[in-house]
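First comes the structure, then the notes that go with it.
As written, the chain order gives the labels A, B and C, with residue 1 at the start of each chain.
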Amino acid sequence: MQQQVSELSIATRGQGLYDITDEVKTAVRASGFSQGLVTVFCRHTSCSLIINENADPDVRHDLEHFMRRLVPENDPAYVHTIEGPDDMPAHIKTALTSTSLGIPLIGGALALGTWQAVYLFEHRSAPHSRHIIVQVMGE
Amino acid sequence: MQQQVSELSIATRGQGLYDITDEVKTAVRASGFSQGLVTVFCRHTSCSLIINENADPDVRHDLEHFMRRLVPENDPAYVHTIEGPDDMPAHIKTALTSTSLGIPLIGGALALGTWQAVYLFEHRSAPHSRHIIVQVMGE
Amino acid sequence: MQQQVSELSIATRGQGLYDITDEVKTAVRASGFSQGLVTVFCRHTSCSLIINENADPDVRHDLEHFMRRLVPENDPAYVHTIEGPDDMPAHIKTALTSTSLGIPLIGGALALGTWQAVYLFEHRSAPHSRHIIVQVMGE
């Protein structure tokens, strides 16, 4: 069993869910492994990762809206405001979702179900270049 | 180091927490490995996984109630309503909990603490058959 | 590829975020491995793990405050009150954050980004000794 590592650079253009399933699959394919464990790791604290529905875009819309309402900008309770109104909510949303995902690789394919996509969840409003590690431990 | 994979089929009968610790342990035992990493992966976007208390059933009750109140059905903000009032809340609850869990396997036993159980968290009201991957990488 | 396991004992002195990055790094260094996958696993259901910002202490303050407000003590809906007002909120906060984290180990270093720290998130008010597994699978 061996390890292969890639780093994805994902350009984001504001808050929202970015489907990175194809980028993850390409990185896994490049490893040449057919079985093992894929770890997707986000190297930031103001964006995060989730696995969620890949079909109806309204699901993404509603999920983004729910999170913005649950963790509002300009909450008078925030002390950390120096990096802008979207920064403290970004850290909270990151804590409530995931920074790393483990996905089994079986018979050459990720074990994702039919309706599952891997999303980078950008919580900042300004454009960013986000670095995501895709590690495959396998053979 | 090698890999063994099982797929659990869990029959759910409505929203709530289903203790799948025994099923996970059985799958791990069948691998024959005594040390490694167990990845439990849920292949759905309207149910999820958590590790939580295994003792007082009131904890499960209160956790289920909290999540239903935090992510209510029939929220007028939802656009995605075509799959029923429980579907969009299901996707949100999935994002707020976990789709994959990594649990070390040490000396033939899962590293779970005394009070920890692995739960499938069903967020849909109708009965479903849920597919959960249990992957063991070890020896 | 092989496995090394350590168990950290972390003394907590009430609710809040405890930076355990140095303890995790020390455990990983002791494994002698330079590449692989590090799994950090919390063996409790009333404290949890997150990766979040390591710079401004106000971020920790605001995150702790947000979680206390989202999951209040003495909520009249709770049935599980026998272990004190902070226990049921602790289980809920654990479900909303993480019990296990997977972090790639690359070239002898954890793949953490510049601003990322690993935190033990203590949700109980009384002092506790918390047991955290650090498993390294690698070489």
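Here is the rule we go by: contacts are C-beta pairs under 8 Å (C-beta built on N, C-alpha and C of every residue); 3 or more make two chains touch, one makes a residue touch a chain.
Nothing here was measured: the structure is a model prediction, and the numbers come from that model.
Colleague: What is the size of the turn, to the nearest 5°, that moves the C-alpha atoms of chain A onto the matching ones in chain C?
Modeller: 120
Colleague: Give a one-word verdict, same or different, on whether chain B and chain C use largely identical residue numbers at their interface, taking over half shared as same.
Modeller: Both copies touch with mostly different residues.
Colleague: Please work out the Cα centroid separation of chain B and chain C, and write it as a whole number of Å.
Modeller: That pair's centroid distance is 20 Å.
Colleague: Any chance you could list the residues of chain B touching two or more other chains?
Modeller: Where chain B meets two or more other chains at a single residue, that happens at 1, 37, 70, 96, 98, 101-102, 137.
Colleague: For chain B, which residues are in contact with chain C within the complex?
Modeller: Listed in rising order, the residues of chain B that touch chain C are 1, 35-37, 50-53, 56, 58-59, 61-63, 65-67, 69-70, 96-98, 101-104, 106, 111-113, 115-116, 137-138.
Colleague: Under the stated contact criterion, what part of chain A meets chain C in this complex?
Modeller: 1-3, 5, 37, 39, 41, 43-45, 70-71, 75, 77-80, 82, 88, 91-92, 94-96, 98-102, 131, 133, 135, 137
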